Amino acid sequence: MDMQASQPSHATVSAPSVISAAGLGLTFQTNDGPVRALSDVNLTINKGEFVSFIGPSGCGKTTFLRVIADLEQPTDGTISINGMSPREARERRAYGYVFQAAALYPWRTIEKNVALPLEIMGFSDAEKRERIARTLALVNLTGFEKKFPWQLSGGMQQRASIARALSFDADLLLMDEPFGALDEIVRDHLNEQLLQLWARTEKTICFVTHSIPEAVYLSTRIVVMSPRPGRVTDVIESTLPRERPLDIRETPEFLAIAARVRDGLRAGHSYDD
Amino acid sequence: MMRALSWQSLVAVLLLLAALFQLPLANVPIAMTAPAVAWTTLILVYGFLLAGIGADTFMRSRLWRGIVLFLCAHLATVFLFTLISDENGLARPGFYVVLAACWLLAWRCVEILSGLQPRSRAGRIILALIIPAIFGAWILIIWEAVTRGLGIPFILLPPPSAVFTKLIFSLSVIAADVNQTIFKAVLAGYLMGCASGFVAAILADRFPFMRRGLLPIGNLVSALPMIGIAPIMVMWFGFDWQSKAAVVVIMTFFPMLVNTVAGLAVTSTMERDLMRTYAAGYWQTLFKLRLPAAGPFVFNALKINSTLALIGAIVAEFFGTPVVGMGFRISTEVGRMNVDMVWAEIAVAAIIGSLFYGGVALVERAVTFWHPSFRNGKA
Amino acid sequence: MSEARGNRIIPVLVMLIAIVAIWYAGTYFMNAPFQRDLDRRAGVTRSSGDLFIATMTQPKPTLPAPHQVATNFFENTFLRKITSNRSLIYHAGVTLSSTLLGFVIGTVLGILIAVGIVHFTSLDRSLMPWIIASQTIPILALAPMIIVVLAAVNLTGLLPKALISTYLSFFPVAVGMVKGLRSPEIINLDLMHTYHASKAQTFWKLRLPASVPFLFASMKVAIAASLVGAIVGELPTGAVAGIGSKLLAGSYYSQTIDMFAALVAGSLVAVLLVTAVDVVGAIVQRRMGARPS
Amino acid sequence: ADEVTLQLKWVTQSQFAGYYVAEEKGFYDEENLDVTIKPGGPDIAPEQVIAGGGADVIVDWMAPALAARDKGVKLINIAQPYQKSGLEMICPKDGPVKTEADFKGKTLGVWFFGNEYPFYGWMNKLGLSTEGGPDGVTVLKQSFDVQPLVQKQADCISVMTYNEYWQAIDAGFKAEDLLVFNYTQLGNDMLEDGLYVMEDKLSDAAFKDKMARFVKASMKGWKYAMENPDEAAEIVVDAGGQDENHQKRMMGEVAKLLGDASGKLDPAAYERTAKLVVDQKIVSKAPEGGYTTEIFDAASK
Amino acid sequence: MDMQASQPSHATVSAPSVISAAGLGLTFQTNDGPVRALSDVNLTINKGEFVSFIGPSGCGKTTFLRVIADLEQPTDGTISINGMSPREARERRAYGYVFQAAALYPWRTIEKNVALPLEIMGFSDAEKRERIARTLALVNLTGFEKKFPWQLSGGMQQRASIARALSFDADLLLMDEPFGALDEIVRDHLNEQLLQLWARTEKTICFVTHSIPEAVYLSTRIVVMSPRPGRVTDVIESTLPRERPLDIRETPEFLAIAARVRDGLRAGHSYDD
């Protein structure tokens, strides 16, 4: 499977590339010897795309996001974000990152947690207030400003962490299984909201998930990965329209894409974990 | 309605029966001539105890059972003690048997009170104070009974009542000692030791080379018998409180250093990565993430140090002082056979130490309210 | 690997060298005034270099120089018969024995208290404040009286000293073990409940194993406290052997060098004991399947 | 053999040579006694030890013994090996103190733990307050050594003729550099090392006999020590005393305090000490029956 | 919606009832006042049934399972397990409970973890060995006996915890979101295995899940719950055959049931969770 190399590299697309990785690899040195977490990843993501990453546990999805975010250093190949190195991009606060766990600071109220990046980036008080109000409203948490994280349910915490990542309006959003801990209904709801946000703001989104329907529902492109070593085995372009009501998920077109993702996944899967 | 007899009540009944074969409970002091008084007392003691046992067995309300038991057990104890009002070892075995019965009922009372779950905040606070108070009171009661009942020589171990009397009548001396030892030596040493330990920890954190050099040494030194340096500090810093403060500084510095450094390391990778994604600088990360997260560790050190500081200052006073101070008083009054004064000072030290600790714990609760250990039931 | 070790040792070495340098400087400044007094009385005048050397070689310096302490320590450890009254090894051995006895009693006592607290609410609520209060009593100030009182009930020798160690060491163990025995999460306790396990089974199969890391962490603190107790127990109690009595004997005659050597010996014993607990803890936890870090 | 436990007031040193010599030379064995000698320490109160039953007989100074008697521990003197006091106060001559009149406003080192009474008696006599200030003296609780003098933390310090004085000499002070106030010479002395037992035990004839034999053998030890100071010092060092030279010197000085080495208590000295104790309000009422000559008399038969 | 009352209570079914709850309610007393976690639950579960519980977060699924297991005391109504009180049933070790998290003891190897209930219930050594081998084989963990939990992946740990619950062969299995933490592929695999085990052993299974397809795929009956107060809003009998290959999930019959469950769920859902 060498399809990814052939993809958006023949760039007739007008949108500029936000992320472009070439021959990217990352090997962790551990006590039991090296672990190859990413191997020969070639991928270009253009402005305004919504790209999902799916693959079995340990295939390197998180690692790839972390490389983009300059939280890990690749050992092979190159990667650039908006034409800069990941480090420069990070220092220019080019992206917002939503971790798998909410990672809210327990000593701060919800509003203070959302304010955290704003404080660090030196926003004015008035602007802080305005942004906090706006993003909390966006994730439906108005009224919970003064609560502490542990006073909220897991789903609400996750939404607060999304609000935090949105608050400073980076053009690139990196989201690592943000809805993993939520039940199906809440998840559907947040999926819808995320799609709306994306449509409205023209952000570029990299989204890691374990759920096939979620990946298909949200993405313009789905990257299927497989472990040992972590590599990209399939890149599926979605043929769905940008406007997606929830019940699009029962259409044959949707199911066909889902089936293709499932096949791609199963191919790279081993049952032992 | 009768429920099963609690085992404490059961044993208490048996003890009361056994004591009947051991009458009288105490020898009558020569000065006292009316055995009728002793009989009345005995009847009162038995009456209260039996009433307590009855309440435990037949009363329905937990709260009232606890209250009645509390009153009965302790009133009985008070009357029991009138039998040995003299300090010359008048008690006979029966006295202790009855005292054991009183104690069992007090225990039962504590057990009942422990099971209460008051709704109101005030109720919970009162209960949290009264239960340990009963326990502490019984340590003193047994101490009193043993020293007085057996006629233990005063200069070996005075009864708590004598200590209390001494304490009340020596308040001015004790106040001067507290001022010298606590307000000068302990406070100064504690503040300087904790502050410098904290600053050193931040330096060690900022400069990894220092951390790697200082931490193994700090870990080692905090395990050392730092008390051993007390005579040396007196030699260096003179007789007054400065040398005691120096001992306190050294004793408190390392626990603070080690704990703070450990606390600065507790943040999870994810929490730190979050800061990285914001391209936050060292100091931003320190103040917004790592110091708040280290809070519980810093408070742990503050609590440990609050007891260490007191002990350090008092012991350092053994090695030379002006003629005032708690350690001075303790060591001098032993030599003068004023053992009641010694215990009065110790009691004051323990009370102040507990208040100190409790104060730090309250501040901790207010500052690190978010930590899971304080969170129960707040959600 | 060896590079990593070097990375760990070099900073420590640099720090140690810095400490020794500061120590030497301190030696000069602490000892110079008395040296000048001496010289004035003796009518001697010295060059500053001479004065420096003189401050490093006083027989009873205010602050002994590192090499003086090192020499004294070396002589009294390696050049004396172990049974000799002057051997630091002998004294360390005496202190060690009461430290260990006190530590063992303290640890057992601490565990018992913790077990009681965890299993009986009435103990939990009545005892805990007093355990904390107990540590605010300056037991060390009481040590001489305690030893006398214990002698009155015919307890003499090793045990009274060890009991002071016990008093200091039971506290960290009790507190740590209460935490440890309560560390199993509710879900683990519920699991036991679904098996209808008895309290004893829950204790042996769940609470106790779960508390092992806490136990060793608090034993490390406890053994250090125990050593302090043993040394201070020896200080004022007419003990004729032990690090504490060595410190005291030194202080009767202002033999600061002896005192520092004794302190060094005490420090080494402390390091040894703490390391030993650490190693045993690591072995036990490895046996219990702890993840190697 | 009859067992006797002796509690010393201080650590093993030539101050107690007589007892160690009697033990080593077999004088106790001759009297059919099996004596255990317990060294003391800075915070060991012999009065507590004997009250707790940890000793049969103790070495103590008279003032604290009378204080304990006042507190209900009925100690009674049965012999008085030290007939003179060895307590002194020394000041460097280049310091501010030249005479007693200069004490005002100065800092003086004093031993506490029952050893402070002679000092307070003296200050009382001089009419000096001990609360500090320009018209009184500032008192320091002195440690076991002469460091306060070396470090100039005190203007004068307490020493014993037989012990700390020589440490000052060792530390580089010359005898002519030091101004000495000797309590005996100033008439402020109180009785020092004597032998005390619990009064109630004396009602037992066997105990009385045992103590008589103990005093007899002990004084024999003291006489021997006086005559053979170097050997006595060596015996002390073998028993755990520090620094042989120092112990020899100490033995020499101690010998000067023993008087006729009979162990006889001078009733006049007792009365003087008792009066001082009352004057200083150390005791609540005038001591009665603080000594007995019975044992000494039996021992000298 | 009062359908649950009308259900299996007119018991013409021949199978004996394993669990029967009538008017069951549970109120937690908390600092902020009472929380009504379960309210008027009427439900009878017969021997050999596979019943799934589905519903939004906080609707009382876990609480209901815990009441069955005698881990919580109901405050209203009655419940009986095999005709006994929950307490008696627990004391007779009538059920095996699989928690949402694996809850393995980290100081015990996998085999020792499985042995834990056997030790407590006093099985002989020989029997212990035999049962451990058998149940570990059942969940495909043969060969991992001597490993410690942290040496296994999350999915393997979860399987070990299922083995532990199966080891003492209780007739009733209570499973609280046992596959919540697993990725889709592993989950599919375990679902198949669980169905096989159930078909083979005739156990009664109560199964909590957040996943609609999982509930539909596994169950003979699906209980839909809704929060505030936790109550049963719908009970859906499955018309699927007992024999269920994985691709049954694409059949219209399956999708119809799934849609009904989704509707039931959505009806009782509030977005603020």
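Which chain is which? They are A, B, C, D and E, in the order written, and residues in each are numbered from 1.
The rule is simple: contacts are C-beta pairs under 8 Å (C-beta built on N, C-alpha and C of every residue); 3 or more make two chains touch, one makes a residue touch a chain.
As the structure is a prediction and not an experimental result, all values here were calculated from the model.
Asker: Please state, in steps, how far chain E lies from chain D along the shortest route of touching chains.
Answerer: 2
Asker: So which has more C-beta pairs touching, C-D or C-E?
Answerer: C-D
Asker: Going by C-alpha centroids, which chain is farthest from chain B? Tell me that one.
Answerer: For chain B, the chain whose C-alpha mean is farthest off is A.
Asker: Whole-Å distance, chain A centre to chain E centre, using C-alpha means?
Answerer: Roughly 33 Å separates the two chain centres.
Asker: Just the number, please: Cα centre separation of chain B and chain D in whole Å.
Answerer: Distance between chain centres: 39 Å.
Asker: Just give me the whole-number Å value for how far the CA centre of chain B lies from that of chain C.
Answerer: Chain centroid spacing, chain B to chain C, equals 23 Å.
Asker: Which whole number of Å gives the spacing of the CA centres of chain B and chain E?
Answerer: About 49 Å separates the centre of chain B from that of chain E.
Asker: What parts of chain D, by residue number, touch at least two of the other chains?
Answerer: Counting only residues that touch two or more other chains, chain D contributes 42-43, 45, 48, 51-52, 143, 147, 151.
Asker: Scan chain E for residues touching two or more other chains and write them down.
Answerer: Not one residue of chain E touches more than one other chain, so the list is empty.
Asker: Mind pulling the chain C residues that touch 2 or more other chains?
Answerer: In chain C, 62, 144-145, 148-149, 152, 236, 251 touch at least two other chains.
Asker: Under the touch definition given earlier, write down the residues of chain B that touch chain D in their complex.
Answerer: These residues of chain B touch chain D: 153-156, 231, 234-235, 238-239, 317-323, 328, 331-332, 334-339.
Asker: Any idea which chain D residues touch chain B in the complex?
Answerer: 42-43, 45, 47-48, 51-52, 64, 67-68, 70-73, 112-116, 130, 132, 138-143, 147-148, 151, 153-154, 282
Asker: Note which residues of chain E are touching chain C in the complex, please.
Answerer: Residues 66, 69-71, 90-91, 93, 95-97, 99, 101, 103, 105-109, 116-117, 119-121, 148-150.
Asker: In the complex of these two chains, what residues of chain B are touching chain A?
Answerer: Touching chain A: residues 268, 270-271, 273-280, 284, 288-289, 292-293, 295, 368, 370-372, 375, 378-379 of chain B.
Asker: If we count contacts the way the header does, which residues on chain C are in touch with chain D in the complex?
Answerer: 34, 37-38, 41-42, 60, 62, 85, 143-145, 148-149, 151-152, 156, 236-240, 248-249, 251-254
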